[in-house]
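Labels A, B, C and D are assigned to the chains in the order they are written; within every chain, residues are numbered from 1.
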């Protein structure tokens, strides 16, 4: 059984934070095995910290530890914080439309334990990928969406997600989620989309990128916010292309970048490595 | 003495082009040492070809070869073409403002013969870089530009460039060239600028990129057209950054990408590896 | 139906080759849609060429075309050559032991038609991956190997491969193939293995790489020759690591590089993009 | 004036280290602005930590701080540690033979303040680069080396380095330093050399890499130890090559990788980001 716990903290930067947190944990028997911190600005900036520690020798229960930390440390430094335990395997739901590349990459890695999570279900607005999902022993739900039925569809998806879904991954889900939906999972919905330099707006971006003769195609994984594709960036990557690549080949390569970038972003989320501050992420990878 | 010649061809794609060109060169004693071709579309597309050949056993003079090629091959296939000789070292002028990174990279590589060219002069709207340029034995011209004197300044630059400048490189030249100026050097002015995913418009893009939390910063080298930063892309590259990088560090890293991408683009141009079609490049690198 | 044909040629370099080949094809109604060539040395070197052409307007049958080409062109230039047709989908057998990452990547890409081939069977010296393979509808054969039964096992594998297997892929097959076996599939067995700078010999290379503190881990795909891991390199790639990565994490990342590099190498082979010359490859990618 | 101080610590890992160090600094008025730590193994491993802090509000002098830290913290945890101050600009000597690429990259970055150091001198066993160095206003010393005069040459170099050289950079210095020389600058001599997958031993490695058909060429920067090229790796990087690259072109590209990797390694050293443990580095970049 994995005895790792992770403490994530965001607070106004000022002297003494690291000292107070590490002393607190030390005094309660925690063995700190990783510590990352970042300050957006030593003068009046925001402070971010991630600690990993081992729990076997804790002198108090989880509940007491958390209550004591809040009272003894967090309040004093005006911290936003959360504590998570590797043994509490995160429950992940994947939303997808028809493209299977990102979905299958996640299912594979989850099956191999490269992604420490339980994929509880896959929900799609198309029935196409049901069989592929079935091979992984993961429940598949077909929730059709039309312009008219969108509110009902979202309600149905929320019902399926229930109250215990930790992370929603949009693995090429081609429907725009409502602000209400997004607001229920703040910094807990990850999306993947293609990226280019320069960016292309509108339909068939690979066609546009091809016509512009770009030499790099890429992908961006980000948390979903109300404003489409404008949420905090988690990770990005690119591949080199040339005039030899057709728009179709660029698209194929792009899908391969997408699946790698998405898998990396999801893994970091599952390992509690990402802190969000405004529209930026701090990733302690 | 370098006896390499390079033939660049663009024409409507149809059967028989490669055969006609290679047979022509073969029959005149050329020894083809490299051949690249590309078709934008086998059906009704555009055809691009680059040949390198050795000239010692040519059975005719340059002038006759070219005239015969035009008559015997080029007209039949409606070719746009040009023939260049490595022994005709290209004359390059560099325009720069205050940032020296891209300029010095080019001067170095030219001095080391990594760039096969003669840098005939450096022109700047600021006097700052005169001394650094002097160390390379390259003439430096200070041509100040103000809003009022811009036409005169451009006229002065054109006078300095004279009639025999083959390539103008904007190595962080922060003045926008007029359409008239650009039209005199079609696909012979190369510019470098920073690139991000997504793109940022307006002042201080590194600051914007920092605030958006991008994970990649990059640079794009392109031919200059009338529309600012919209010309055919020659090359692009990126570097990975994280929340640990300040806006200043991103800028420093960005300059290092800029100089590498620019040097690569200039080299390809000097070696006649770039064909332009509409707003795209075909780079036979 | 795909009407693409590909002609691969290796011969001593001398003037007139391109011209002779393209004229021959042109005269028989072939429409050349791609042509790549490479000369190892303009003076006395080896010449490599790959042509793609469309066959619908050929004026002769395949058999006649090939016989005529041999007589009219190939003999004159002492060519080694082969002609292949995209419509003749290549038959691929995958050998694997217990690691599934490379295997599944290939099966998945074949299922998506990213790899233009038919995976006819998977052969393993362990039964573990049978179920995973079954989901793809591909036959799985378990051929155990012990020190004593190795010759019989190889004989059994050869029997399974039959006479019509075009390519054998070792997707982490941990048995060394005999020289006899290898000799039956010259430049038709592709292997993938980890690569580091510097290289590490002996057991548990990721552990060694970790202990040496390497900053890059990589993978190399190559054709199998009698000498272990010394065959012609097809492709290589690396990923950046740091002191933060454990040996186990390096191994996990390494597997992800392996599957990408192997998939790329297999694709190039299937598209007839690879020519082998001595111990080097020319890859017209 | 830069008021940044950096504390580097290596010690056996056990609970309470971070807490003790940060509390100590906090209690003396230090404002910690960066903290990185790494444990090679939570159970019985080695612990590494780097702290950056601001000194203006320290309540004691440097000397007292250091003495107190030794007594109050370091002894208790059996620490090896050092404290350095950004205001004490490091003095760097560069040794070089005839290749100028790595040397000029360092001189240029030092001149731009990208490298926070004073290059006090360049020493070469050849006179060739004297003029280029002169342009940077840096003293150049020609110390010829022959098989017979090697001890005298090393003695002369040591005399030039004097007692206050913080870092020696071998920027393509083609002489092997004696064990005695190396022992005087433990983890303070940085070397750069080419790297390939696989590695090549012996003369003209680019020629060997070319003949083996490698697809990646790279460079490794490392600390120099007695055993040639076997010291702790600081950084590595690679570039992609293909059959189109001649051995000479590979060498040219390799030099460009070398200068970037070396510059990065030197920068990390100057910023006290590197800890050495046995034959590995921990780089808090």
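Details
One rule holds in what follows: a residue touches a chain if its C-beta (ideal position, glycine included) is under 8 Å from a C-beta of that chain, and two chains touch if they have at least 3 such contacts.
Just so you know, these numbers come straight off a predicted model, no measurement behind them.
Interface comparison, A-C against A-D: more C-beta pairs in contact at A-D.
Averaging C-alpha coordinates per chain and comparing to chain C, the farthest chain turns out to be D. Between the CA-based centres of chain A and chain D the separation comes to 37 Å, rounded to the whole angstrom.
Per-chain CA centroids place chain A at a distance of 41 Å from chain B.
The residues of chain C that reach two or more other chains are 38, 244, 285, listed in rising order. Against chain A, the residues of chain C that register as touching in their complex are 100-101, 104, 108, 112, 114, 135, 244, 252, 256, 260, 285. Residues 38, 48, 195-199, 211-216, 218, 220, 232-238, 242-244, 279-283, 285 of chain D are the ones that touch chain C when the two sit in their complex.
Those residues of chain A whose C-beta lies close enough to touch chain D in the complex are 15-16, 18-19, 22-23, 25-26, 30-39, 42, 54.
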